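As written, the chain order gives the labels A, B, C, D, E and F, with residue 1 at the start of each chain.
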């Protein structure tokens, strides 16, 4: 029924993602900053809680994950806000191309810029917090599966609030509750690993969350964008 | 030398502050949301580190203070960003009135909207984290003296980054290091109080920081604003 | 009746504080919600009436303006 | 379903229907609330392990159970509005959110008060309590979104998306007890909710649950009427109603 | 011949103020329609309704006799909309901006240099848009029109910030487009040559 | 009589491109000066230099024969600047916006209703600016001019988004202002009545 398509879905995906990455590279900081934020937050905790090794070992998984969560949250605001205020979001909504693919491309770019660096630097942070060595693989696996979920779910919240002046803090109210399951299962898995217990059950649940988010989120985001630019 | 002033400094201060509060009231959420963010962050920690009462008691002061810090950070972005992008910051710079008073008024409004609510809800959060009852007065005093410092120092960072597209995360890089002294002395004071030791030395240092920030920050912010709107 | 006397009932076996606070807060919250909901109707209708008047005023003004223009 | 609903899909008709239903719900819920409260507070027998403070159960359990039902009802309304483009379902969903939030808050507070004497602490970070706190956040998020948009129709569509996404959390709230090593809560619950619970205690509890349900119905009707008015401010029949109030 | 775009009994209400009520009109191939009205009359609101960016309180917009909500993809294949906001990213160069928006719209991406030259941005192709002036930014957005393959153009004050030479060029482009079977709906507060010659006018103030 | 404002050998360089070089001119009481030039010629850059919002590469701007960086307060007492951005807050009502910007400028805050009426916003006083159209927002910013007590007005495309009736009113206001000893420096791409009659023109393109 639709007219012949000059761009395949894959091309469209790459093009949108490429653009977002280019914008981030131009704002050089965008690439480094989520990382630096993470490092700073991780540094604040030993300062706030005190430097005892045992205590830090206990709370390390929780702190790393909470910091990852907040870092995702902080960087999420950018996801659609700039596009909204300069009018290019409007242009995307008016494109004959399927919106959910563009949305997925933008979310992927966001993950590449925020989720991936967190995974890469996590071992270092774990070292700083004296995390139990046994738990390292679990930390990496949960981050690898969990951070995409953060980007995907967060995008829904951003899309809902993009037309509003309030942004930031309303966003946290909307999506932090949805982040909690990821947080719980991820830290539970790491703690199980630290005690040398099996944690594949937790990993399975996080994977399920990822699949669910991956299939639902692009559509929820598309619908939300149409509402909030109205 | 200057022309007769139709507005006294005090009037100017009130007028600017009143305007910012009015904007916040219109965005109803603005008043409640920093609070809600705080509550949510405080909720995340027990979820991340596990529910043991002893552990929570140990880390409660650190968590509350780190959360207060992040909440201030998140809400700070709003301080000049909107004024910049709609052009009203430009108008303030072009006003014959002294800029540092307007800046001080804006910072005060920010503190009323974010710092004060934190102080008011702190006892409840402390209760949820099973904080040592002896430490409550210290918590309240450090928050009362420390949160204005957060707003004052944060404003400098915001003023420096307001003309840049990057915002959020660069900001944290600039000001979180400056927040560290406040964090260290505040949590040290609370921990001392929990052990029933004297903590007036810490309080004195925080007060000194407050006085310093109060005298220097408005001028630093004014200068920074002139640079970043160039 | 489970309690022997009214004062026993009030005392709740020494746990009056908890029981009465719980019931008190619950019913206060629910009552407040009810009152707010009921009152909302009136304020809403007032708002609507005000806006209707405002709209009439605007229409009137536009009409006046047009007649003025056609005169000149 | 559609055919049956349709006659009431006109805002004015459903407004009137709500008005006729309201007194029945209001009166019966008030009567049952009074009966339930007196029965629970004064006539139900004491409990073996817990002292008189167990009587908090008569408000804690109804608000706790029903608050989740309200969320599901809200989600259903959203779904109806999306599938059948029924704007009135949006009004119903918007009406329910604050009611659910209030009930959740009530359950939290009464639970906390109850916990003080029975567990010796009013808050523990256990599965049920924490996940229930999440439910409150979800409600607050939906309400915040409703308030954030000026246009009611848009607000409903936005809040609707969040409501549906949040449904994923409901089973997590329900089953978190099993997924997560919980502390005090489960023991207490099984003790009371086991068949061993005497019928003398069960009946007042059921009465209270019914009373709360009816009260929720009444509140929903009141708020639903307000929402219908706000969403149809342009219609002549609303204007007439408004003019009457304006004159007074 | 069937109409390209049809407004069917559109009602728009903002803040309880009726901007227009049961407005119907048809856009056929070859039409150049100027929406007129004072500030706040509802021009932008009407154009956003026509483009499907917002939903009418009542009535519907039809593309080839089908409600646009039912045939989004086909309609957007045939629509170019430029609103008050230019949709130009400051972090990208002029040419990157243009080629991205063209490929979004599935327009002709060959020969982009030509479009850049038409809007007098030669020499600025590789400047970041944030380093260009208000009018140059607007020109980046308008450059799309020279490459456009869609029939329907909806333009909200396209001449804002454009200098006189630029306005004349645009007017010529408009005439070419309608001569080739396109249709244009636009608003403008400026006095235009073409408006007097070939445009139909819809005045929103006369409607209520 | 000494000049009000003097541009002294201003040089502006952006991205290695010289926009104007050693530009000098004087603004006296009673002057109406239109800065002309194509898109990207440097009009906005010049106006921002004049207002002291950015610093020139070389040269200086003088207010009553004193560098403006040395007498900010006095200069700003006597200056009203309206740029591309309107400086209007969407969260405040029209009247709140106006009275705040007036008091910032230490202008006349009596009789604000009159200014509101002058820009045809009566009936919208209490609407939030975010609920008003592009032109109505612009009008809120312009309303200041009717209450202004400052002599020098620097206006960057003041007529953007304003309808024809509004433009005519503004032109009349300009004439009144210069007749009362004020001075106006402005830019505009539109054809204006007053420009032909009473304006001096500075064409940036002729300068290099």
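One rule holds in what follows: a contact is a pair of C-beta atoms (placed from the backbone, for glycine too) under 8 Å apart; a residue touches a chain by one contact, two chains touch by 3 or more.
No experiment lies behind these values; they were computed from the predicted model shown.
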Checklist outcome for this item: Heading the list of chain pairs by contact pairs is A-B
Item to check | chain E on chain F, rotation in degrees - Cα superposition, rounded to nearest 5 | outcome: 180
Checklist entry - Can you give the whole-Å distance between the Cα centres of chain A and chain F? => result 45
Checklist outcome for this item: Between the Cα centroids of chain A and chain E the separation in whole angstrom comes to 36
Item to check | chain A-chain B separation of Cα centroids, rounded to whole Å | outcome: 26
Checklist outcome for this item: Distance between the CA centroids of chain D and chain F (whole Å) is 57
Item to check | Multi-partner residues of chain E (each touching 2 or more other chains) | outcome: 15-16, 18, 55, 84, 90-91
Checklist entry - Using the touch rule from the top of the page, what residues of chain A touch 2 or more other chains? => result 27, 82, 85, 164-166, 170, 173, 176-177, 180, 184, 230
Next on the checklist: Residues of chain D that contact two or more other chains, please.
Outcome noted: 137, 140, 144, 148, 233
Checklist outcome for this item: As the complex stands, chain E meets chain A at residues 51-55, 72-74, 76-77, 79, 81, 83-92, 96, 100-101, 103-106, 128
Checklist entry - Contact residues on chain E for chain D in the complex? => result 13, 16, 18, 55, 57
Checklist entry - In their complex, what parts of chain F are in touch with chain C? => result 122-123
Checklist outcome for this item: chain E contacts chain C in the complex at 15-18, 205, 208
Next on the checklist: Help me check something: in the complex, which residues belonging to chain B touch chain D?
Outcome noted: 28-29, 32-33, 36, 40, 43, 46-47, 50-51, 53, 56, 127-128, 130
